[in-house]
């Protein structure tokens, strides 16, 4: 087992930046965001429970160019984007790393894969830091994860006194450590640190573990509860945009004379116009249908399709929701009622 | 330029011909050819499948392929002027370039219908997706029993594919075409039926024995056609229809066409009535 | 190699006074810089501050709003409303970090061809000195 | 405060029994210990879970648009009434909707409650250093108990940000007043934060806002929570003409925040809800505050946050200043 001194992290990031873009949690106007470091490798922070934006940003950015085109004199030329750079995300939380596996299901499985996402994933590494202090919004343990879980990460760092215990999870992680061996040190202590993190409980705990809820929800399409929570919902896209597992997007064309580009941008099932079709037919016209769609997709449809719930318990949506629409509340309510 | 296996990047194609289908001009058929023959070869469409058509700078739209794979070139798309993309497309002239990607979605399971009688029920522009499978079945007529086509529209001028419904199809042995319009204007020439498609269907009353009914049209028409078919004792498995939702990626991850655990763009658009009954009812 | 900077200036001119003032300047063969593109609007009150932001976004280096003199508005009071609106808008844009000199409002009547040409010259000069506006402008 | 909850429930029962109202909007406990969320009751039984206390709550006025809007379209009967629990900030928002003709005053039954500022449990947690299990409020002193520690905190310290900028602590037009105001909260006009930004150079200001706006995820929570944003069809939802593209580039972010702030200029009631709901903590209050400050300064308005029949940008004076 290796260890990494906290004082060596900046050195590691700087070294990695020779080949890759580095993303790490930084404080920006009092908000902790996962942002790209350029020459400021000391700016990373440990003072956060969860970053405002999830690691989804790095592999499936809010805004990305799908292609450019030139259409002068009716000679249409379409250019796909240039290859992406290698990237390393440092300081990801275990829940976010687990969320990447859910996005993998969506974008890499099935008949079609998403080449943008695939390329980024292949060129990306996740260095996770286990959570020392989950807060009242955390419920990863309800989704078979824990503050010390390794799923989805390449390397997991477990904070100890003035260093991190380093666990390489994947081959990619092992190679990364090997290539930067001089920065890591041998850890001789054989302590229960890792186990402690893995068995740590979050405040909400696993009371809201959905279990077989998906089976029950199949018949709950017309449950009045949806109407109840939808009445409260303001219809902003907050919850879906901060969610590390939500993957809906819109495709937009931007034309400038004969040239232009096509981009894709996150979109939210909470928005009025999300399902609106040409001819003004809207299959989900009110907030009731759209709220139901969000929860049903996470707790039923996704499970049917990929055999996993589309939630990792990171707590972002519940922390950010202005009117207290709480997925754990939905789960516990539905479990009790059914 | 033949390149890119990227699913979201369209291939360049040229509009070879544009034909007006209706006298009001809101439906046009576009005859389209890929610029690169290799891309055409890779485009293995089956009847009922769709393609994403791009008007660069405006957007993309999922459009059903109207031509049958038994008559491969050129590809045909019959498009009604509805939203942003289709309106832009209607302004296009012959020779202009568009982007195409696909084919997407499932197809009409025509090979499972071998030996059966087929009843096609279409309304308005809903005949467009049916046309591919009708031509497919007509071209392989020896494999199928009788073919009944029931087609209606608002007025005689709104009928699409006039050459086929009046001449080509009725002239094939074993194919019957029944036409109806909702109403006619004074002075208009019309010697076929007047009335709505569902009632007309009940009037014709095709037998459900060893038959398959395939329907496509405006949602409200589909709803009543399904009721009529049930009255005629068609079983749920015998009824095939299509669903339509807003789509942006066509490959199953933009999340718009999600109904239950299905995505219309990859699991649809063709569903049996049995499948539809099992889905959450929001479309 | 330094290329001389030629600014893009958008002028929203009111149909009744300032646009006619521009005509006047034209028919009197007065010269003013070709860097200015005039957009005719029914009244200076028609100009939504969003138009100004949009202009900046699409590549304008300066925006000029020209309307009738106070009291002369064809619709009685459109220019008074415009004045209030742009008092706030200018201060607000400055607050966001866009140089206040890039937005200007002028009263030019139909007879003031000379003034029109002069204002255009002055404004074009100011903007030329300020250089291109890269703030709130969209990337290529 | 328990007392107040009981008083409220009594009033609600009264309102339902006299069949005056079809709906009552108040607050109930949320999933987390100290979260207070909007609650909707269509009869007295449903209202029993409602409470009044001093923890942070969202504004309720916005829901009136959904429940009572479309008056003009005839969707709501004139006799239909909705009861709503109202603090000063909510009252201004309600007045905003009434002045804008979105709802009619006669459709409302306002239960007014006095307010001395709400407390933000997150701040209490931070000061305590752990998650508080119990928070008791006694006038100006708050006692927060965690599992390990407990601490007395001055209420001022953990006051909700928006309450510090409160411009209206009373409910002037209430139908039922649960309690006379204890003591009037000091209403101070504090534009120091706005002035801080004004002092910067243009360059610095642009950098500041670019950094803030680039964080924006365009969730539209600021619009959706705002009562001044009450257009039937929001310009951001209109695709033709598309004033705002979906693309999230810096220039689009400037467009978005410019349009949002300008559309509420002179109509903003300074409730601070937009800032509070922002998931990425963009100081939207500064933008609204700048307009408020300028309006008061330039157009000689006493308090721009209080909705007037004619709003500052809907009128003019012949002697408005000239700055060009």
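For clarity, chains are labelled A, B, C and D in written order, and residue numbers in each chain start from 1.
Following the convention adopted for this analysis, a residue touches a chain if its C-beta (ideal position, glycine included) is under 8 Å from a C-beta of that chain, and two chains touch if they have at least 3 such contacts.
What you are looking at is a predicted structure, and each value in this text was computed from that prediction instead of being measured.
Asks: Expressed in steps between touching chains, what is the minimal separation of chain B and chain C?
Replies: 3
Asks: Between chain C and chain D, tell me the centre distance in angstrom, where each centre is the average of that chain's C-alpha atoms.
Replies: 37
Asks: Please work out the Cα centroid separation of chain B and chain D, and write it as a whole number of Å.
Replies: Here chain B and chain D have centroids separated by 51 Å.
Asks: Give, as an integer number of Å, the spacing between the C-alpha centres of chain D and chain A.
Replies: About 31 Å separates the centre of chain A from that of chain D.
Asks: Could you give the separation in Å between the centres of chain A and chain C, each centre being the mean of its C-alpha atoms?
Replies: Going by mean C-alpha positions, chain A sits 46 Å from chain C.
Asks: Which residues belonging to chain D are in contact with no fewer than two other chains?
Replies: Residue numbers touching two or more other chains: 239, 249.
Asks: Which chain B residues sit where two or more other chains touch them?
Replies: 84, in rising order.
Asks: Please output the residue numbers of chain C that touch at least 2 other chains, ranges allowed.
Replies: Nothing qualifies.
Asks: Taking chains as nodes and touches as edges, what kind of graph is this: line, ring, star, complete or other?
Replies: line
Asks: Can you identify all of the chain pairs that touch?
Replies: In this structure, the chains touch in these pairs: A-B, A-D, C-D.
Asks: Going by the contact rule at the top, pick out the chain C residues touching chain D in the complex.
Replies: Spelled out, the residues of chain C in touch with chain D are 49-50, 53-54, 57, 70, 77, 80-81, 83-85, 87-99, 104-106, 135-139.
Asks: Which residues, counting only chain D, touch chain C once they are in their complex?
Replies: Contact set of chain D toward chain C: 197-198, 202-210, 243, 249-252, 254-255, 257-259, 261-262, 265, 287, 290-291, 294-295, 298-299, 312-313, 316, 318, 320-324.
Asks: Which residues of chain A touch chain D in their complex?
Replies: On the chain A side, the touching residues are 28-31, 33, 52-53, 62-63, 135-137, 203, 228, 231-232, 234-238, 240-242, 250, 252, 254, 263, 265-268, 271-273, 318, 320, 322-324, 326, 328-329.
Asks: Under the touch definition given earlier, write down the residues of chain A that touch chain B in their complex.
Replies: These residues of chain A touch chain B: 66-67, 69, 71, 74-78, 80, 106-107, 110-116, 221, 247-255, 260, 262, 264, 267, 269, 274-279, 281, 283-284, 289, 293, 296-297, 300-302, 304-305.
Asks: Per the contact definition, I'd like the list of chain B residues that touch chain A in the complex.
Replies: Per the touch definition, chain B meets chain A at residues 1, 3-12, 54, 56-61, 82-86, 95-97, 99, 219, 244-246, 248-249, 251-256, 258, 260-261, 266, 280-283.
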